[in-house]
Amino acid sequence: MPSLLGNIFKGWADYSKGNEEGGHHDYEHMYALVIDLDRCTGCNACSTACYAENNLPVVGEDKFGARQAMHWMRVERYFDEPDMDPDMGPDTSNIEDANETGTQSRGASFLPMMCQHCNAAPCEPVCPVGATYHTVDGLNAQVYNRCIGSRYCANNCPFRVRYFNFYDNSESWPAPMEQQLNPDLSVRSKGVMEKCSMCLQRTRAARDTAKREGRELKDGDIQTACQQTCPTSAILFGDLLDEASAISKVWKNHQVKLGTYKQDKENPELRGYRIFEELNVDTKVLYLERVREV
Amino acid sequence: MTTKIDRRNFLKVLGLGGAGAALAGCDMPSYATMEEGEEQVFSYLAPEEYMVPGIGIWYASTCLQCAAGCGVHGRVREGRALKLEGNPDTAVNKGKLCQMGQAALQTHYNPDRITKPRIGGKEATWPEALAYIKANASGAPVWLTGSIGGHQAVMLDTHLSASGGGKHYAVETVNAQAWQAACADTLGDAHPELHIDKASSVLSFGADFLGTWISPVKFMTDYGEFRGAPRGVLTVVEPAMTLSGANADHWVAARPGSQAAVALGVAHMLATEYAVSTSALPAGAVDAIVAMTPERVSELSGVDAKTLSKIADTLMSNHPSLVIGDGGYETAAAAMTLNLMLGNIGATITPGVELIPADLGVRGGSTKALADFASDAQAGRIGTVFITGTNPVFTAPGGLMMKDALAKIDLKVAVALFEDETTQMCDVVLPLASPLEDWGTHVPPSGAGRGEIHVQQPLMEKLHPDVLGLGDILLGLSQDAGADGLADFDDYYAYLRTAISAMIGTDLETAWQAVLQAGKVQAPAADRVFAANGALTTNVPETNAPTAGQLSLITTARQGLFDGRHANLPWLQEAPDQISKAVWDSWAEIHPATAAGLGLKDGDYVTITSDNGAITTRVFLYKGVHPDAIAVPMGRGHTHYGRYATGIGVNPLSLLDGTADGRTGEFTNTTSVRVQATGDNRHLVRLMDVDRQYGRKLAATISADQHRRNQGGA
Amino acid sequence: MSAQQNLPHKHLTQDQVKDIDENIEWAKINADVLRSMENPRRGYWVAMFISVALFSIMIYAEVHQYIYGMGDAALNTSHMWDLYISTFVFWIGMSHSGTLLSAILHLVHADWRKPIYRFAEAMTTFSLLTAGIFPVIHLGRVWNFYWVMPYMSDRGLWPNFRSPLIWDAFAITAYLTSSVLFLYIGMIPDLAICRDNAKGWRKKLYTWLSLGWRGDDAQWRNFRFTYLMIACLLIPLAVSVHSIVSMDFSMSIMPGWHVTTFPPYFVAGALYSGCAAIITLFILLRYFFKFEHFMTMPILDKVCKLTFVIAMVWTYLNLVEFASVWYGHDIPSKEVLLAKASGPYSPFFWAMMFFGSVLPFALLSQWIRRNMYVLFFVSVFLNVGMWLERWMIVTPTLSLGYHPQAFNVMWPGWVEWAMVGGSFGWFGMLFLVFVKVFPSVSMYEVKEMVYHRKRTVYEDVDEMMNLHSGVPGPGPGPLPGSPPTPAPQSTGGI
């Protein structure tokens, strides 16, 4: 009995301590992303690479229209420009513009959106069977063979980046297309939730390679599929706990810290920001604001 | 002279193309080979040393999804190609790959691939097909291809000259012929190197360099640098937003066909407001510039003086700049005019290279070639045609009457991966090996790497045993036509190896392996030198406004389905279009004011009619298109292209009339159309039905001034 | 005390104001109730046929869903939950009827609950059994539903105790177990009556179920204590169950769901729909089984008034929720509220507001309270309003949310409607079987109620009781097939 109480107190102490440091684990790694919206051209190569790498099914027009598609990485396109400095003049690209004959003046805004791997993920506590949890690498993992498909996690995701297998999508791969499937991860059956895993299979493969070669993992060993293919190098993946890594330098330069819902930047004009930060979900994707010459 | 095709020779070629080759990948011992002539099935009872199940091997090859020819690394596990990535060592794409390249796997594994030869639509064997060709060939054969370069182009020329000197028509709907003509006229170099990464500002007149122009991945990698500190400024002037336009700091809608006027208007502004010298220009250009006052520009294009001034100001404040233009010779020429004025020549535009084995150079496709082909066919000058890498029945403007032209040809042989509208009309269809199963060399048209030639090698065994590589087919045909010097080669692989060994000066196995592992070989090349200014015609049409009550139809290719060749790849059908975010169907982009005038709302069906036909599709309203234009991207509307493309969408190319540009003979991709609502409405399936952020901070934007204050941070 | 009492309404007779006629004889009570369990007539079979048909459609829909996946259930990336969850909450809500009548009113000694609590408690149990279908069928991998149970798995995996869905599982299981116990234990004296009057398989069944009840003093004392204890246990369970179910929503971060008032709001809604359902079933049972003497108009009157009060509580909590959003700073929540009121789902929202907040005012009219036909439809529409309320909680939030890319309007498909309709079929099946196998009016408690009324009216009630005991009054006769009434013994009841 005393040990039970002791365990409860220790667990609580660990949890509280962890919360201040951006999580409640003893993290070995903290994988994160940086996406530079100024470099992103919206070309969609990342999304297609994700389809190729992760065995995503193609659902066809009807199901896509019914919003049952499975694009783990989606590139959104907006025509308005929130946060633009209001001194910079009117924005005629607002499509609600009263001046109906005006045309776009500054292009479009593209936003690659995928699982943000929140350190305080709202999807994790609500899964009845614990099929989604936070790994010691800082990733939000989805365990396909534990998922019973209650879909509470998807409801709780403010980014709506969780995708459910509403059908058995095997007709996505008529022979011989199934030969393209990546054997490093499964093809999910119907009734199972899935989402971006930051190419966890590549992390494992890189770790195995490093082990085989008798060395530590270094920055650049792991590239997510989206990062590797992005022609403008707008996506950067890395380990925030590795101070020498390129990504931790970017996060540091933009003065964005984990474990808080409101950044306290010395220079508030720096471009780095996180989406829906005020919800206190502690996302790990840093977006760099798109820049436009006025 | 009739084409002699010896069955026996061909059968020797059959089945050995590539199978006897040494597959060289990265990360493995250099003497791993497969024995020549051994069985084609990879037997696991006696696997090769390097093949460990569960561990992937990467092989270098070349992407053939468009003419840019980016280098790729293919990941192969257990004898299957699984994933493509860019080859980090190739200068064109530096390890990056676009979505069309990623989808090359679906080209290879597509269930609708042609697996056996066909005669008259029925399956046959290779000997039967070849016999049929031999029996029915009439006259010297001609080749109708897409852009083609490298040793395949050499082999093709060899076949043509050995078989009677027929013509080679290289066709590409998406091309840069206008720009290349303007460069040739002005600089004496049709393929200068463009340095977006060195530019402080880029001004594009309808050249979709991020999407489909010349070498999009190269330009995108450069664009990444361009946006890095110090940040460059992008201005795009076009009638309908392309991917490049969607990324512009300043986007200007110009009436279709009026970009040249806008360019000259900017030149006028530079000369008058900023006192930029016009001494570098040819005389005719100066007159055109003087005549192009802001009022005239506004009349022709709808672009006002304030906008012109802003464009000029951007150019002047951000040195050096780069001005590009396409979609018509006048536009390209006007863009070059600006480059000359701004002193960009030598800074962001530098001479390209001339390959020393000049015959390896790219035969860039054009639509003029398609026009020539159609007229030659109509006139009865073509008896036999071999078609590969192009689908003219689909991509030809409706006004060209391509089907009639083809019907006049006695023997039509298609060498193709898929049944399409063109193979439907062909007498014989020969199954082609996919780019992941074939050997070849390719010259990137962008000139990056300055003489770097990309090598294409098979990533795996042929999926379908009866297909043959293009090189093998060309070699076999050439040998049977009696071409000299080819008798020693059993297959194209042997030929290629000999040729490349000669190029690198050694035929050591290790050297060959090194070439294959790198995926490229450096060919000797000579730097070109820019000539003094040649003639530069800058004619600008008198008026651009469409006929009253009509709109100008614009059709452009989007990176994805491109000119329609990738419509049978489900990943690309399901990849949302970059601008409209639509999937799996066509749409027509119009301005909300135009729509209001026609009584249209989002999702309404309209019939768009020109003198050459009509299409019916849904409208998509947004402000990225000039009010006088209706833009229907090309790519869908196939009637015969496999399960993923047939019956989906509409083909706007069928509405074009085939009017050609005077200087280059290229088709103008615009025509005047009548637009009428049909009364139907159906929701256009898109990735997202909203176009705004509803006050959420999702994709936030800051001004460049703000960014410059904090430049050190990025 | 005399038999004359002040009548509250001039034009009503004594009988019409009394909760029950104090002159009903025990034998009549037995006979009337036992007669309701006779072989059913045509109307019953029609009702049973409809229920089975609805249920079969549900089976078909579930098989379809099992084979093809959840896609045909009109679910998508934005609408991950739809009618299954809202109907689940609806049925849990319905289940509060029995608890309210059985337990809460028992503790405040409201006698008038006695004739009607039996079927209400049955309704509770069957509602829970119906509700329990939905958390299973709404799963993507139905066959693994048992993973929500905490058992020693060989992988050492336990369910995630932080999840409100697991709390649901525990709460509903506990509540169901307690309700079944309460229903059963409360029925024991009645089952003994049935045993004494039955033959054949019924006799065997009742003998087994009545656990040897003899009706002696010791047994009655134990019985009363046990009954009271379970009633006390059941009340917090009922409150907690629906609070926990409400936490499926309030523990989420979605705008429109993340509302602190959800637990009391849901409990109020549950009591509301339970009461409305009691009125519906009251009218049906009274009509078909001719229970006019037991399920009297004054009792119905009281139930209606209770329903009205609960409706007003619910209305208040509803308006509190709207006001806190309206005066708050959370933009996405406001968007959801405005979408409910003026967006694509607004007809259903306003229907819900009308049925839930305006229609209960009809219950204030005495004419309506006495008009069975009108009251039946009023009560049905009150429940329709409550079902709509659950739907309007689930779906408008999912059609919006934080991220605009996910904004999407979705309407339920045939699979979902089949399941919803089928759940009513399932409930109907269970209830119809119940009324024919078990006494739907609590005989011993009615006798208690009559006795207590007698005591208020007659002085010598005990003497009267002794006079009458042992002599069965003229009744319609024993159950068909049963032996002639034996000499009076000590049976359940006085």
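Order of writing sets the chain letters: A, B and C. Residues in each chain are counted from 1.
Rule of thumb we're sticking to: a residue touches a chain if its C-beta (ideal position, glycine included) is under 8 Å from a C-beta of that chain, and two chains touch if they have at least 3 such contacts.
Please read these numbers as outputs of a predicted model, since none were measured by experiment.
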- Of the other chains, whose C-alpha centre is the longest way from the centre of chain C? B
- Of A-C and B-C, the pair with more C-beta contacts is A-C
- Note on the structure: Taking each chain's mean CA coordinate, chain A and chain B are separated, in whole Å, by 33
- Query: What is the distance in Å between the mean C-alpha positions of chain A and chain C?
  - Reply: 46
- Message: Counting only Cα atoms for the centres, state how far chain B is from chain C in Å.
- Response: 69
- Message: Quick check: what residues of chain B touch more than one other chain, meaning two or more?
- Response: 687-688, 692-693, 695-696, 698
- Message: Where in chain C do residues touch at least two different other chains?
- Response: 402-403, 405, 408
- Residue numbers in chain A touching 2 or more other chains? 69, 74, 76, 276
- Message: Show me the residue ranges of chain B that touch chain A in the complex, using the header's touch definition.
- Response: 77-78, 80-86, 93, 95-99, 101-103, 105-106, 108-111, 210-211, 216-217, 220-221, 223-224, 227-228, 231, 233, 236, 241, 243, 245-253, 314, 463, 559-560, 570-576, 578-579, 581, 583-585, 591-593, 596, 622-627, 648, 683, 685, 687-688, 691-693, 695-707, 709-710, 712-714
- Note on the structure: In the complex, the residues of chain B that touch chain C are 687-690, 692-696, 698
- Interface with chain A, chain C side, in the complex: residues 68-71, 75-81, 135, 138-142, 144-145, 147-148, 157-160, 162-166, 169, 248, 251-254, 398, 401-403, 405-406, 408, 410
- Message: Per the contact definition, I'd like the list of chain C residues that touch chain B in the complex.
- Response: 331, 335, 402-405, 407-408
- Mind listing the chain A positions that touch chain B in their complex? 36-39, 41-45, 47-49, 51-53, 58-61, 64-65, 69, 71, 74-85, 88, 93-97, 100-111, 172, 174-177, 179-183, 225, 228-234, 250, 253-254, 267, 269-273, 275-276, 287-294
